[in-house]
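Below are two complexes that have chain A in common, paired first with chain B and then with chain C.
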Partner chain A sequence: MSVSRQASRIALGLVIPCAVLVVWHFASRHSAVVPSVASVVNVLIHPWQSPPTLDSTSLASGALISVLRVACGFTLAAITAVPIGLIVGRNRTARDILNPVIAAAMVISPIAWIPVAIIVFGLSSPASSMYGDEAWRYGMFDQLRYAIIAVIWMGAFFPIVLDTAAGASSVREAHLEAVQVYGATRMQRLRFVILPAAAPAIVTGLRVGGGIAWRVIIAAEIFPGTRSGLGYMITTAHDQAAYEYAFASIIVIGAIGLVLDGLLRLAAHRVTRWQVKERS
Partner chain B sequence: MNDQNDMIRFEQVDRHFHTEARGEVRALRRFDMTAKRGNLTCVLGPSGCGKTTLLRLAAGLDKPDGGRVFLNGQAVNGPAKNISLMSQEGSLLPWRSVRGNIALGLQVQGVGRAARRKRAEALLQRVHLPTNVGRSYPHELSGGMRRRVALARALCTNPSVLLMDEPFAGVDEPTRHQLQNELLNVWSADKQTILFVTHSLEEAVYLADRVIVMTFARAVAQFEIDLPRPRNRLSEPFVKQLVAVREALEASSEYNQTIKH
Partner chain C sequence: MPKYILFLCLFAVALVGCDNKQPPENQETSTQSQAAQDQPLLLRVGHVGHDHHLALYVAALQSERFKADYDLYLKPVKDREVYELIEADHTVARLQLLKVGGGSKMPAAMSRGEIDIGLGGVTAVAAFADEGEPFKILCPLQTDGDMLVMLPDSPAEDWASFVKLARESDKPLRIGYKAPVAVAKLIFERALQAEGLKYTLDAGDDDIDIVLINFGSEAGPIPLMERGELDGYVMNQPGVAMAVHKGVGKVIAQLRDLPPAGQWVDHPCCCVTATETTMAEHHEPLVAFLKLLLLSTQLIQDEPQLAIDSAVTWAKNPREVEQQSIPTISYVCEPTESWLAGMRTWAQMAEDIDLFKDRYAEVSPQQFVDDLCDLSIVNAAMKDLRDRGMLQ
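Moving on, here comes the complex of A and B:
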């Protein structure tokens, strides 16, 4: 892509954010509630500063714990959903058993699982499992609540299962026969044909699941006992009318989402290079 | 009757499928056939007459409902090491490079990377493709080049039996003729037993030692082609042979019935 084309793409991408900034600026001048752009920028450029008026950790450590929670929940979802999706996609009996469960569970908002997660996991965390009553000493480690991770897992799991199953079930028989004729084992069929053929669909599922996980975390951080994270900061900022922190958190959420999606897109490009070329 | 020279033998083979659209479909019905060791046998017939099922059974990818299939005197129970299958265009794996596609069989058999690469490059030369094509993906090649890659892949494990399912369908005539000659060159050097499925009578007469004609899931006629090689499509003996086979087929009531269908 030429430099001028790339510059024009970046410029076009900045049009809406700039318009939002202008509208925001004028709105803040005529409203006592909307924080000024400058106050939000001040929070953003001092990310490690603890908010003086809020019972919350700094913006940076809040972002870090949110990212950690999403990373744990999303990784668990990917590890469990990809194999299950492959089984559902390739095995009719498994499909018949699991499809009704998946179809019913996928329409339930992940947020609705919060009470269930609290009943199952309570307020326990990896730190509480290892250190019991002393868990609070381990800060971030204690804040990785199992219940929050379980809700993120629920959010990311179903799109990954469904896309993986769709990819695995659409593998062409001719491609499978290409290795079967050499006496390929079940694992070799999986490695040489099913996984690469399903990779584009798996990556799509991971991107969708990643997006949902990142959206779910904000709502999941209203959990009782949670004292950190961007979702928690937004809630407490709202309670204390310190809206500059809520706005700053929203901007950070968007920025991290953009980076995560960029990373997943990069991974997708590598895995699906052949498919992109084949379509063009 | 078992013959030492029979490399592939079908004895009274039955195979039927159930499909949603067509109900019960008989792909092969009490089917008998032999392919002699080192011969090039063409199976000729219209679409849907059971030709591909025949190859899948010989490759051990499918099992008969009745009768038996023998390969080199042994009943076929699954894929065998000395067999290779070259299907129609779509069987190249689009996510693998040309080199990766050619060496697929060796990789399945656990051959090391360096040996696979060496063999793939030798085969690229053998099918007259430049070595730098090895890094390309199948969709970056022309139809003719893809067929050459598929041929190279089929030869990679050094098979003694080559099963070919309309391998040159869908390419223009000059390329098709080139590919046919390419195949004959390989065959005359290695003398594999080749079972070649086609619906082109001209292709069958040009390539084969023997042509087996299939209709309605059965072999209805066989012709020995005694023309010397290399064959010339414009020569009088070739045209005479072609016409003789055509006339014999037209006289066959079963074949005519199929054509009318």
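Moving on, here comes the complex of A and C:
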């Protein structure tokens, strides 16, 4: 790509953010609630500073705990959804049993599960499971809260299951028959044919699930007893009319989401390279 | 793909490891159970985090002073979260402060067994008790502090001019409220009835003076006021002072002054609640806790500047907000006759609007107060402090 083309791409990419900044700047000059660009930038460039006008941990530690919660919920979703998706994709009985449940649960917003998660898990966390009343000593470990993880899991699980199932069911029978001729065991068929063939679909599911998990965290962090996280910071900033923290949190959420999507896109690219070669 | 999953797992474990700033003093499994046995009783206290619960925050922030003056104090174990309640050099209990949210969130958390003691609104506690939850109100925390706020350019300057405006306005006035059973909303509705003003919760109704709109959160009205989508709202502090501070509203009436005249003076707002189980099993720690709140409330009454400083430090609201908010709230921990009368008035109002469906549906206001409030613990605490000359 030529230098001028690259410069033009970057310039075009900056048009909308710059326009937003200009509109935001003028809006804040005539508003008591819209924070100034400078005040939000000030929050962003001091991420470790404890907010002086907000009952919350710092922006950086809030982001860290949010990322940790999403990582746990998403990992759990991936570990559970991929095997189930493979079974659903390859086994008709399993498909008949699970499809109606998955189809029904899929359309329910993960946020709708928040009250259920509170009832089921309360304030319990890995720390409270291990240390009971002493859980508060374990900081972030106590803030992981099963209820929050469960809601994130609900958000990420179904897209991964569906895409994995779709990938597993689309494996060419000719490939399976070919390895069977050579006496491949069930595990070998799974490892050398089904998994590689379904990998692009699995990665797509993981990308979609990861995006949903990251979106869900904001709502999930309103759980009682929570004192950290970007979602908590936005809610508290709204309650205390300290909107510069809400705006800063939104920007950080966008930035982390961008990085997360980039990582998953990179993973998808690596996994699907063979598919591109096959097509060409 | 497993590599990425493994990476995420390792990342999670690494972060957890990084945050163990306060590891247990004794990590050895063999001694852990013994250590657990030596730990003091843990009581989880649910609170909201704003200045209504200032008595608790003053006690937490003035640890040294309480220790020196009363020998009853909160020793910080983990700032803003865990404190040891110490009386006469004896650790009575360890208190874990959990921010559970306002309105029905506190009694809901207590109902789920997540907290043992709750600081929160009388109305929400009564609603849960009506449904059969074994909750008792132990004592008040504060009264008053509810206000009617209007847009800065509104012609209404006081309650009389507000009533006139509502009657003469071409369009219904849009007045916001925080929650369906919020004290402010219930008082406001009764005042509108007393004035003969017609109001509705449904914007589609015709021939109406006032439309009531639920804005749903502490700071919910501020953006709506700025956009002119509300003409005003009724709410508790510090949400009122916040709007004034932001320049989007002006206070035109304290709800304690609304009609019927004299009915709302010292109207109950927040209180201390516990389950019957907690009361039966942990009587002494509760007495000590209420003694602490009584002394803290006395300090708030005697030293308004200390109260404002403490609210700014704990709630982290701007100083200007707390300077406006705190003088309008009556901090009271003793169940005075005035507070009990306010409770009976509130019970009558709840009956009038059919708020209670079960346990309190058919009881008199006095029976309601007798059943919902158990003042034996606070009375024991007050007696002890008075005997020792600590409480005025």
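Here are some notes:
Assume the second predicted complex is superposed on the first by the 268 of 280 C-alpha atoms of A that agree within 3 Å, B and C clash if a C-alpha of one lies under 4 Å from a C-alpha of the other, contacts with A are read in each partner's own complex, and residues count from 1 in each chain.
What we mean here is this: contacts are C-beta pairs under 8 Å (C-beta built on N, C-alpha and C of every residue); 3 or more make two chains touch, one makes a residue touch a chain.
As the structure is a computational prediction, the values presented were derived from the model and not from experiment.
Because the two structures share chain A, they can be overlaid on it, and in that overlay chain B and chain C fit beside each other without clashing.
Look at A:78: by the touch rule set out above, it reaches chain C but stays clear of chain B. Contact with chain B, but none with chain C, is seen for A:184 once the two complexes are overlaid on the shared chain.
Chain A has more of its residues touched by C than by the other of chain B and chain C.
Of the two partner chains placed by the overlay, chain B and chain C both lie in contact with A:199. Contacts of A:119 after superposition: chain C is touched, whereas chain B is not reached. Once chain A of one complex is fitted onto chain A of the other, the partner contacts of A:37 are absent, as it touches neither chain B nor chain C. Between chain B and chain C, an angle of 160 degrees opens at the CA centre of chain A in the superposed model, to the nearest 10. Of the two partner chains, chain C is the only one that A:52 touches; chain B does not reach it. In the superposed model, A:241 makes contact with chain C only, not with chain B.
Between chain B and chain C in the chain A overlay, the least Cα distance found is 15 Å. 199 are the residues of chain A that lie in the contact sets of both chain B and chain C, per the superposition on chain A. The residues of chain C lying in touch with chain A in their complex are 1, 4-5, 8-9, 11-12, 15-16, 18-24, 36, 39, 42, 46, 49, 78, 81-82, 94, 96, 98-101, 105, 108-109, 112-114, 217-220, 222-223, 226, 242, 246-248, 314-318. Those residues of chain A that touch chain C in the complex are listed here as 31-33, 51-55, 64, 67-68, 71-72, 74-75, 78-79, 118-119, 122-123, 131-134, 136-141, 144, 199, 202-203, 206, 224-227, 238-241, 267, 271. Listing the residues of chain A that touch chain B in their complex gives 172, 174-175, 177-184, 188, 192-193, 196-197, 199, 274-275, 277-278.
Against chain A, the residues of chain B that register as touching in their complex are 56, 59-61, 78-81, 83-85, 87-88, 90-96, 104-105, 107-109, 137, 139-140, 153, 157.
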